[in-house]
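In order of appearance the chains are A, B, C and D, and numbering begins at 1 in each one.
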Amino acid sequence: MLEIKRLSLDEARILLEGAEKKSGEMGIPMCTAVADESGHLIAFTRMDGAKVSSISIAMDKAFTAACAQRQTKDYNEIAVPGKPTFGIHVTNQGRFSIIAGGIPIKTAKKIVGSIGVSGGTADEDHQVALAAIEYFRNKTKLPD
Amino acid sequence: MLEIKRLSLDEARILLEGAEKKSGEMGIPMCTAVADESGHLIAFTRMDGAKVSSISIAMDKAFTAACAQRQTKDYNEIAVPGKPTFGIHVTNQGRFSIIAGGIPIKTAKKIVGSIGVSGGTADEDHQVALAAIEYFRNKTKLPD
Amino acid sequence: MLEIKRLSLDEARILLEGAEKKSGEMGIPMCTAVADESGHLIAFTRMDGAKVSSISIAMDKAFTAACAQRQTKDYNEIAVPGKPTFGIHVTNQGRFSIIAGGIPIKTAKKIVGSIGVSGGTADEDHQVALAAIEYFRNKTKLPD
Amino acid sequence: MLEIKRLSLDEARILLEGAEKKSGEMGIPMCTAVADESGHLIAFTRMDGAKVSSISIAMDKAFTAACAQRQTKDYNEIAVPGKPTFGIHVTNQGRFSIIAGGIPIKTAKKIVGSIGVSGGTADEDHQVALAAIEYFRNKTKLPD
């Protein structure tokens, strides 16, 4: 039998809090999605003024990071024409995100969930996701 | 030019708080979605243990209540075979919910957003949505 | 070789005008779609305050009336459980509307386009569609 | 509570008028969609002879310009393989347009809606959208 560890809603909220804090400092309203280790959404917020098209992109990034067990940023580099992973962005009903901003959350080396951020440039989204995870580590003291 | 009022993220969070409080009292973990007056998601939470299939149902209920300007409970009665609205549940790419649990949020008679709850029976979902709106009224003192 | 007659954009606009006039008299903001004889949209308007969920429903009604060569009201009666047409509402990617409000436009007994109305009850939608066609006949003097 | 300004149907019609005028001068029949600030369609026309495949493309361009708060032309440059936004064109159920011709409409620096044009080359579509907005400014005297 497998034993799975999974983010709780309270832990997901810490990640949202961290993302909103960083977005606020950067002055860019963001959409942030937190998913469990199976890619299913736990919690989501759209900050006032954030792009409506980022709602599903943030969710897709969180889905991809959890389900593909990898940050979406990596796929941006390996899913271009001429590389063997080209085409992966249309799989999973178009939910497979290859844009930076989705990162798995690990505890003791195991994926327990993921975060997906959208609203700025791909690089800004990635920075917010990283900042949210750092905030989460500081608050929870969980080992990575 | 039309003038529209829309829930802020802080106001959406009060609705989630009210829904989670009521769900906790009932002992039923729920998914709750809050949308703006155009049906776009503002915030979402899935309580620990809540059904994964309720994630999109809660979102669909919020979408429908905002966009059809009516509680989803009403459609459950008028969209049955033999009634003229039968068939509406497959419209809008299947996002049109005819199951109780979606209610528009009004301020001064205008729809400013909506809530959609899923996780229990249709009746339990509706009760949680109503309780969340009552909690919201008490906290914000906004007129209905 | 087939010879097809098809509504022009100017003629489609007369239908929208007639629909908006009737909706205005009834005090119910409506979405109205006019399609060509192949079911492809020619023109569309959403009146201020009309339901967002009615956008695609109006288009679906126009699509169905043109493509199924029949008013959608008829399907509401024959597509119920126990009748042989039950299930048709999920065909055509869910665009097959069985709710009253879609009517083919005929000239000299041939379908040249269609109208689809959504925003009120199914019966109100149907009334508006009928009124729009009557308005169109009066303006254009085209034979039915 | 957020305060939003949104194009009315009468204002949307001015944009269609401007687009049709410019398309007529260019001799290219176009599809034009006008959406509200949330990306929901307000009005649409397909000029006689315009491409049927442009119906949904025009709507997608309007959706994207409103929801991503940016002209679609910009995405054409930043969403190519090797750039970090590559892959965005398959998000939002494939409705995220990265082809020129979609532009947000602003009033006093705030997005109040958008226009999407399709029927010619991407550059021609963009020109028509720009001309429609200029026509709108001249008619309404609203500040940009």
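Methods note: contacts are C-beta pairs under 8 Å (C-beta built on N, C-alpha and C of every residue); 3 or more make two chains touch, one makes a residue touch a chain.
Everything numeric here is computed off the predicted structure, so don't read it as measured data.
Across the interfaces C-D and A-D, which one involves more C-beta pairs in contact?
Looking at contacts between chains, A-D has the larger number.
Report the inter-centroid distance (CA atoms only) between chain C and chain D in whole Å.
Their C-alpha centroids are separated by 25 Å.
Please compute the C-alpha centroid of chain A, do the same for chain D, then give the distance between them in whole Å.
Centres of chain A and chain D (C-alpha means) sit 30 Å apart.
If a residue has to touch 2 or more other chains to count, which residues of chain A qualify?
In chain A, residues 48, 52 touch at least two other chains, as defined above.
Based on which chains touch which, is the overall arrangement a line, ring, star, complete graph, or other?
other
For chain C, which residues count as touching chain B in their complex?
So the residues of chain C touching chain B come out as 48, 51-54, 56-57, 60, 76, 79-81, 89-90, 94, 97-100, 121-123.
Can you list the residues on chain D that touch chain C in the complex?
Residues 8-9, 12-13, 40-48, 52, 55 of chain D touch chain C in their complex.
Hey, which residues of chain B end up touching chain C in the complex?
Against chain C, chain B makes touches at 2, 38-39, 64, 66-69, 81-82, 84-88, 90-94, 96.
Within the complex, which stretch of chain B touches chain D?
Those in contact with chain D are residues 1-8, 11, 36, 38-40, 93, 107, 112, 142.
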